[in-house]
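Chain nomenclature is as follows: A, B, C and D, assigned in order of appearance, with residue numbering initiated at 1 for each chain independently.
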Amino acid sequence: MTRYSRNQMAARVARDIAEGTYVNLGIGLPTLVAEYLPAEREVILHSENGVLGMGPSPLAGAEDFELINAGKQPITLLQGGCFFHHGDSFAMIRGGHIDLCVLGAFQVSKGGDLANWHTGAPDSIPAVGGAMDLAIGAKRVVVMMDLLTRDGASKLVDQCTYPVTGLNCVSRIYTDVAIFDIGSEDVLVSEIVAGTSLDEIKRMTGLPLRMP
Amino acid sequence: MINKQVHTAAEAVADIAAGATIMIGGFGTAGMPDLLIEALRTRAPRDLTVISNNAGNGESGIAALIASRLVRRIICSFPRQSDSHHFDTAYQAGEIELELVPQGNLAARIEAAGAGLGGIFTPTGFGTLLAAGKECRRIGERDYVLEMPIHADFALIKAHKADRWGNLVYRKSARNFGPIMAMAATSTIVQVDEIVPLGVLDPEAIVTPGIFVRHVVLTSCQMTVGASGN
Amino acid sequence: MTRYSRNQMAARVARDIAEGTYVNLGIGLPTLVAEYLPAEREVILHSENGVLGMGPSPLAGAEDFELINAGKQPITLLQGGCFFHHGDSFAMIRGGHIDLCVLGAFQVSKGGDLANWHTGAPDSIPAVGGAMDLAIGAKRVVVMMDLLTRDGASKLVDQCTYPVTGLNCVSRIYTDVAIFDIGSEDVLVSEIVAGTSLDEIKRMTGLPLRMP
Amino acid sequence: MINKQVHTAAEAVADIAAGATIMIGGFGTAGMPDLLIEALRTRAPRDLTVISNNAGNGESGIAALIASRLVRRIICSFPRQSDSHHFDTAYQAGEIELELVPQGNLAARIEAAGAGLGGIFTPTGFGTLLAAGKECRRIGERDYVLEMPIHADFALIKAHKADRWGNLVYRKSARNFGPIMAMAATSTIVQVDEIVPLGVLDPEAIVTPGIFVRHVVLTSCQMTVGASGN
């Protein structure tokens, strides 16, 4: 079975992002999407710590630690970018002004519930950051993840067993095996990585999936 | 390439249809988007709900919309002024519905819409006629009224300068409702004095980021169109 | 009986405003207070349409109609002044950041209720503007008014008969006859314009007043 | 003459007493008022409640306050980080109380306090562990959680430039929580890189008007004091 690498997944997500889209890329894997947006396509990246119009990473030695992204890595600002405070930044998110948010996930349920903030382990220290705001705020929330855990369990599930981040908020899931769209009735398999069949994906997830 | 500039005010307001809810910036004439309002009056969609601080002065702006009988309902804080005769006449004839909102609650409800909140408890208006019938609650040692967000389909505002991404700066007290209305409307249309190249506006001083802006049109556009041969 | 003129009332209010105070002067009579603040005393005037640090009126011919006050009159901006939007401006008011607000009134009750927005006449067109926010927002709200109406009725009353603007919000009332302070139990007459007695003021108001 | 500048960080934090509630700006180290935090640690008031996005990194800043056992309770969105070992230790020992708040709700609750609101209905967190026990309400087609404002006695923030009236501008993403914390605290104390004469800051570009600021101190003040003979 062919599976997308992390880079191939990022490239696939990037392909769907049209010019002029305002996008928030979650910490971790989604950050990689920025590398696959062609320079001539103007996509405006938002960082929840008060930046719109994030540019590429600075050259070594040119880092400014007052110009960072939500992952606290140094970034640059494009011409046309701007700064604002946390209140306005989360108004952009919560108010539905961000067109697209790409997030990582522990699990996504067939109803579009997202779990990505907490494993629920009783001795762990919880930390939520902007995850819950991002989950429910953007016009469209998509997830980017491997379909299976390292143990082979599906992360696309009937019901989340991890604590949820938001309910019924995910529209689409880009995985290493296929792209899934959360419909109002069921989950559609919209695109399959070459070499895998719908039946295999059904077996992997244990869910009643269908092609559109 | 992103370019939010459109070349005529008519084009900027072209998809405002009858029944739309429209925020209109300005405090008196400061920040009033006169060009856009005139284009809207020419287009003449009916049954509009207008959200603005005032209900029009003299013969132009919102007063002209009312005189043209396009406004079914207005949400504002200060309709009655020395020269608000078009509103006064329509109101006394029962032709226009008024929701009177304290100015700070108007601002806060617009902000709540822009920020995606479902409601806010505000102390303003508690115990007054303007809180009649509204849910109230004592929180801590103070009484509050539950007020709902005010959204709009369109916001028509005026700013000083824009770039092609729709980033805006304002001028002096003409800023007033512009930035918060831009955040509360599905489509924000801005009349500006000047459009500058991308990168000219200081990223520390941009007041309204382009994410809140759909169309930008130059205040001088009518003249420009005229001068170029129409 | 000696009574303060409008200008004398304004001068008296101004005397109580210390350097460094953030002040909102309501439309009408309170605006006059600005004329009596000595230029060397730095008092920062707020206008609810988004201005902090209002200066004197511009010279004739130098008016800028994008630089106006809440009464829509042209103003100037002092060095150190700044502009902000209506949301932030009313956050300053509602959030208790303005130290002092000076308002006009139709009536003030002995419990500090304020009526200054609406006569309640059934055929009148109501307009409220920022009155209700100003009434309850500032750290200290004082009223400036003639004690009696033209018909000789007291505007300091047992209970407001006009529709109220805010409840229990006025601390002090500067009038042409005396200064009144709203106490938790009763109303104190803190200062009397020369030539009037406490008994006369009690007769004018019909209220059980006392000296502090 | 109004002059909000004080000459040492110790003077700036001199009236912060045990039991105080303190907002501390910054997102990671960007915008972290390190000088003020160090002055606070030296002063060492106990039983503090700290409101900040993070719960400290490494050995300095909030981490140092925790290591000195001054913090009884912390309200933040993201305590766990690779180098948050002082928080982790105190938390696991039960020596520090944590209120975990989604970052946008943290911002909105701080803004609500600054704006004098009594509560807000926010969609963030609905249906999650972080809304457990909170009042929820369906408004329109959406579910919301009622969240309360977060006030503080003090805010310690960092800005780029100030003038003697306390007007502030920030630098890049170091702005983050500064402007909203300045509005939500009874006393806001600001560490700045530079103090400029009144009138130098552009009135259109001032981010925090001086009304929200009590004290301003230069980041370089320690050195200045040292250089002048101590």
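As a working rule, a contact is a pair of C-beta atoms (placed from the backbone, for glycine too) under 8 Å apart; a residue touches a chain by one contact, two chains touch by 3 or more.
Computed from a predicted model, the values in this text were never measured in an experiment.
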Handout entry: Joint neighbours of chain C and chain B, given as chain labels
Key = D
Fill in the blank from the handout: Relative to chain C, largest Cα-centroid distance belongs to chain A
Handout entry: Distance from the mean Cα position of chain D to that of chain B, given in whole angstrom
Key = 34
Exercise for the section: Using mean C-alpha positions as chain centres, tell me how far chain A is from chain C in Å, no decimals. Expected result: 54
Practice task
Could you please state the distance in Å, as a whole number, between where the Cα atoms of chain A are centred and where those of chain B are centred?
Solution key: 34
Practice task
Would you mind listing the residues of chain D that make contact with two or more other chains?
Solution key: 108, 111, 115-117, 122-123, 170-172, 204, 207
Practice task
For chain C, jot down the residues that touch at least 2 other chains.
Solution key: 77, 83-84, 87, 90, 93-94, 137
Fill in the blank from the handout: Among line, ring, star, complete and other, the chain touch graph is other
Handout entry: Chain pairs that touch, as defined at the top of this document
Key = A-B, A-D, B-C, B-D, C-D
Problem - chain C residues within the chain D interface of the complex - result: 19-20, 22, 42, 44, 46, 52-53, 77, 79-84, 87, 90-98, 137
Practice task
Would you mind writing out the residues of chain D in touch with chain B in their complex?
Solution key: 108, 112, 115-123, 137, 139-140, 142, 144, 148, 169-172, 202, 204-205, 207
Fill in the blank from the handout: In the complex, chain C touches chain B at residues 47-51, 64-68, 72, 77, 83-87, 89-90, 93-94, 118, 123-133, 136-137, 163-167
Problem - Residue ranges of chain B touching chain C (in the complex, touch as defined) - result: 27-31, 53, 77-81, 87-88, 91-92, 98, 100-105, 107-108, 110-111, 122-130, 143, 170-180, 207
Fill in the blank from the handout: The residues of chain D that touch chain C in their complex are 1-2, 111, 113-117, 163-165, 167, 183, 198-199, 201, 203-204, 206, 209-212
